[in-house]
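Labels A, B, C and D are assigned to the chains in the order they are written; within every chain, residues are numbered from 1.
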Amino acid sequence: MDFRLSEEALMLAETVERMMWETCSLANLRALVLSGEPYDRGRWGQIIALGLPGMLAPVEAGGSGLDELAGVLVAEACGRVALPEPLIEHAGVAIPLLAAAKPDADVLTAAVQGEAQLAIGHPANPFVANADTAEAILLPHGDEVHLVPSSAVELRRHESFDEFRRLFAVSWNPGAATRIADASLGRRLWAKALERGALLAAGQALGLAKGAIDLAVDYAKVREQFGRPIGTNQAVKHILADQQVHLSFARPVVLAAAADFAAGDNVSLARVSHAKLAACAAAESASRAAVQVLGAIGMTAEAGAHFYVKRALALSAAWGTKAFHREQVAERVFEAQIGPANTFPRGGAAA
Amino acid sequence: MKLEYTPAQQALRAEARAWLEAHAPTTALSSFDLTREGFEAHRQWERTLDSGRWGMVTWPAEYGGRGLCLIEWLIFEEEYYRADAPVRVNQNGIFLLGPTLMEFGTPEQKARFLPAMARGDEIWAQAWSEPQAGSDLAAVSSTVVQDGDDYVLNGQKIWSSRAVFADWAFGLFRAPGSARHQGLSLILFPLTAPGVKVRPIERMDGEKVFAEIFLDEVRVPAFNRLGEEGQGWEVCMSTAGFERGLMLRSPARYQQAAQRLVKLFKARGCDLGQGMRDAVVQHWMDADAYALSVYEMASRLDAGGKIGPESSTNKIFWSELDIGLQRTGLEILGPLAELAAHQDTGLGGWLDDYLFSLAGPIYAGSNEIQRNIISERVLGLPRR
Amino acid sequence: MDFRLSEEALMLAETVERMMWETCSLANLRALVLSGEPYDRGRWGQIIALGLPGMLAPVEAGGSGLDELAGVLVAEACGRVALPEPLIEHAGVAIPLLAAAKPDADVLTAAVQGEAQLAIGHPANPFVANADTAEAILLPHGDEVHLVPSSAVELRRHESFDEFRRLFAVSWNPGAATRIADASLGRRLWAKALERGALLAAGQALGLAKGAIDLAVDYAKVREQFGRPIGTNQAVKHILADQQVHLSFARPVVLAAAADFAAGDNVSLARVSHAKLAACAAAESASRAAVQVLGAIGMTAEAGAHFYVKRALALSAAWGTKAFHREQVAERVFEAQIGPANTFPRGGAAA
Amino acid sequence: MKLEYTPAQQALRAEARAWLEAHAPTTALSSFDLTREGFEAHRQWERTLDSGRWGMVTWPAEYGGRGLCLIEWLIFEEEYYRADAPVRVNQNGIFLLGPTLMEFGTPEQKARFLPAMARGDEIWAQAWSEPQAGSDLAAVSSTVVQDGDDYVLNGQKIWSSRAVFADWAFGLFRAPGSARHQGLSLILFPLTAPGVKVRPIERMDGEKVFAEIFLDEVRVPAFNRLGEEGQGWEVCMSTAGFERGLMLRSPARYQQAAQRLVKLFKARGCDLGQGMRDAVVQHWMDADAYALSVYEMASRLDAGGKIGPESSTNKIFWSELDIGLQRTGLEILGPLAELAAHQDTGLGGWLDDYLFSLAGPIYAGSNEIQRNIISERVLGLPRR
């Protein structure tokens, strides 16, 4: 039993974090909004250079074959800067789904190398995020999985208030040519994708919470009112201390959910749901606290708080609503073994 | 205690209801903070209201109002929200500058400004805050210097609501070298005056709710000073008390929102998790409690009472109620919540209102400041 | 429309408050606990002298014929000092029930004059409070109402942690001699008694909240830590400011519920339930805040905070649980006219 | 990260489970804070634990322990709570004084005090606080003066847990005239020493959880000073960090409470309102989150890490979790919640635990103090 992250995991996290800090400052985000471009090609290049698109892809497909724990750490780094690029859905959800359904798909190699982006139209989400820049889209037909080239779909934009989530309704015609998994396999793949989407949303949410806290702390240190930094006020201090508490008790849940992801039983499903609920709650609370601490400026498009507010709100309803995830936890709580000796029930502690 | 309306009050309600049913726009006007067109459409609605003498209902008849007492104002507001009539672009005039002018203005000032305000010919922005003066308003540093019969204004204002498209603004200016609460004067200035530059500030959703105002040797006649020279703080505090307290947020607003929430829940509440129904009921109760509390306060004020520091409890209550209520609406919408425009769903508005609600605990004195006020001035805890 | 209390109401409230302050200090409460007596006979004498036992009784029965608004103001004054005597159940619930069921009952006159105490075993409450000092007890048999002399019952004590709520299970034999209302009338009377019990519990809860806030404020002004009164800390200030907010938005609901009590329709029932929920929540929150502000001393039997903690907790589950009252509000919200013009739907504003 | 137990850890769990199943009392002992009998019954249980070498599991073997690392301690605690074994009357010794003695004690002091502590022969009270020093511990004013080979103690301590029936106490004493953090020494003294008077303080439910200790010319040998003279603050801070942080509240406690809550809800949850199920699930999640977080912290500490100011987040989290969880239990009980003794219902314990939980945000540094620590030492906000 050792809850510490491995050296490799810590190094990966540090590398990704550093790249994100260097390429994805608030100024970068603002510039991207103004540019009207869907994403920053320079930053995407760096993401490719680090091999992140293929991080969870099998080694046979040219990927790094990393596990969900690594995925969560990368997601956290992305959340911390409110990364606009759809790295997490592409690398964390779409590629594993495609690799499981059709490991010999041509587009898989391109996707793993980051040359092609994949989008995913999961049944849990009403729209397909970032479908416009995708080379191909994974789409459901009943429980079947279809891989549809972007040339064969029609997109209709639905504006998200998160300027970096470009949502689309997709019209397309299912056929044998696009089907890559039948209903029986598809059911399992969609379920797994939902769990993966939820887990990595939780990872991003941890980063969002941390980013929002940092933003507010930095501001509270320098902004003066009544002749002293507002951060000297107990009211401001305690708002931010509470955010730190939320974050501190969400992160271990997300890490444990990631470490236990492969098990796929009701204990592991419940922990993914718990992770999503706790991390998204922390992100939403922290981003709102940042607005409150920044005051009026926190409400503006110029300050960065809104990037956190928007992404936190969007992620908290994507990949399964709160009600869905609460119910998934409830099933474990009311149906399975609980109690003090069941923190890790598969770890030899069955009660 | 008598919780029935008088026949006159019932008649007022009936009259307002009939007029609003006949005149209120049936489709929503586009935002007055986004485009000039939206702004002018709202100005037009102010003129329509004025034509029916429903624009400034609490003002005396001589200035275009109906001299309604606060209970009657509440009745009008209930009908106004019931009719889903447009948000008032004239709000700064109705609730902030208008009453201040009536209390501190000279007869000439009243004649000059109030009728134009009532008609919507001059729409007002407020210009309180400055980059270095947020919740600490006494830290404003923009200056006013007398030069013959004129005042010359210099400095920078920020967070000026309506300033992007409005005609006039009112703000606090300081005699150079004066400190904190001394030496302040409340000055009215046209936003078209030479030397005034307005820079819109986009809210996180792109609406130009606020602006910065830069003043460079802006010259206005001394006539434009409201209240005595150096008395600006007192004048402004009277306005701020008004803003914080009773008037700015009428309970009908939250009762209407709670009603919308109940409808939304009924329409989509099938599998929302078991706590959602409780949350909807709780928000409705809070809106009801806010209404009852405002009725109680209005009864006291109508009978000659004064609004005191207890108005700070209002600010905290409605701002938290608003956020909670809007957030629950988004919760019910689930993954549709993030849609900026609800093209097909007919479920729009929640996100806008949620973003708007986030400003509630910040403006007109942050809720942290309000809690200080309650603990020190209502409960009597020591300052330091 | 006038939400102000009448001169008479204000005078009544002031008179009762003054008497309570004079006779029911913290020292009095502690002395009563130590004495082992069920109640303070001296204070009960003062209560009689003010005519409070008969406050809601009809004039024909020798009572004052006051309305529920007066009852709520008296209840508030009782709550403020955590009054040990069962005045509110006696005068506010039992007497009106008895007067409605059997206006010629001998014990009614004695009860109105305060010479005999009445207890009430309402079906909503699992035990009968203060049955040991009662001359007679109102008890349910199915929906029937029975008036049973204390000589004909057997009591079994169940200890409440509120030392002033002496709870009993009552064994007795229903018969024609004790029946004072048949099932059809009884059903209505029990329902009305529940509403009255809930409303007056709300009134008491307002007083409890105010009493607890006062206690904490007084302490925070004088108790010094780190060289200055703890009340100078924003953290302490804001805890107490929040209690004041809760109280401010509970009291008008309780007053409106009292003023509208007679209507007895779903609007009035919902408001009584709202009043109970809001006032009990304010009382519980304020009493816990008082413990927190008083610190360790707030946890002790010596400081007064516990009287508020206990009574607030007991009242919040008595006379209908939170779930019951929330459901009563939900019925109005989901079934009746709501919206901005329906604050007082019977006041000429029907939408 | 490796979230499986080693075979050795699994063996430890099995051994603890078997021993506890064979030895733990099957009926609850009466409270150790209410009567001498209850206290002695708990002392007897400490002796039983010691006989199985389960008393001081984290202590080195030489002092009667098993030298368990923190992960192993968590496993033991899980089994201990799973077995519903009695609350530890020896807690002040196990978690506060024991570790402090091991860090700061001389070999002679360790030999004198630790074995007796492990055997339950000497049960310890803490004596930190004073009437004028609550969260501000540096304000203690009780004095210590050297007189030959003895120390003479004078003053008054308060909120001393276990002091009513315990044998010994440890507390901070000040050299006369010294200020704040200087001149303090940590002194051990027998509660039976001449000049010591103990006055029980009743908790609101009548349990004598705390006491005041009056010291009038109490004479102890200089041997009883733990750590250097004047170093008391540092010694005490090391203890307090321990108290606040990891050790005092083991996650198993809340996991067991959450399990009880789930059972209670299943038994009585028929018409509890729709939000109650959500609340029960939330409390379970919070208990689980607390456990995971403590496992994470324990892994770091076992690998040589230091516990820092982040332990303040623990204090806030478990204390709020505890209150919420117990309150929900009472909510489910409805009007039965107020019963001090559940003669027939079999539903007892919730009220006791609720009252106990109310002290959580107060003791070992109030949660307000903890929030200061987090904001200043974890987040780096300016002190003033």
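Operating definition for what follows: a contact is a pair of C-beta atoms (placed from the backbone, for glycine too) under 8 Å apart; a residue touches a chain by one contact, two chains touch by 3 or more.
If you're wondering where the values come from, they're calculated on a predicted model, not measured in any experiment.
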item: Chain pair with the higher count of C-beta pairs in contact (A-D, A-B); value: A-D
item: Centroid-based (C-alpha) most distant chain relative to subunit A; value: C
item: Centroid distance [mean C-alpha coordinates] between subunit D and subunit C, Å; value: 39
item: Whole-Å gap between the CA centroids of subunit A and subunit C; value: 52
item: Sites on subunit D at which at least two other chains make contact; value: 273, 277-278, 368, 371
item: For subunit C, residues that touch 2 or more chains besides their own; value: 233-236, 238, 326
item: Subunit B residues within the subunit A interface of the complex; value: 129, 132, 134-136, 139, 158-159, 201-206, 209-210, 271-273, 276, 330-331, 333-341, 343, 351, 355, 358-359, 361-363, 366, 368, 371
item: Footprint of subunit B on subunit D - complex, ascending; value: 273-275, 277-279
item: Contact footprint of subunit C on subunit B as seen in their complex; value: 1-7, 9-10, 13, 17, 71, 75, 77-79, 81-82, 251-253, 255-256, 258-259, 262, 266, 277-278, 280-281, 284-286, 288-293, 295-296, 298-300, 303, 310, 313, 316-317, 368, 370-372, 374-376, 378-384
item: Residue ranges of subunit A in contact with subunit D within the complex; value: 1-6, 9, 69, 213, 217, 220-221, 228-229, 231-232, 234, 236-238, 240-242, 244-245, 248-250, 252-253, 255-256, 259-260, 271, 274, 277-278, 326, 329-330, 333-334, 338-344, 346-349, 351
item: In the complex, subunit C residues that touch subunit A; value: 233-235, 238
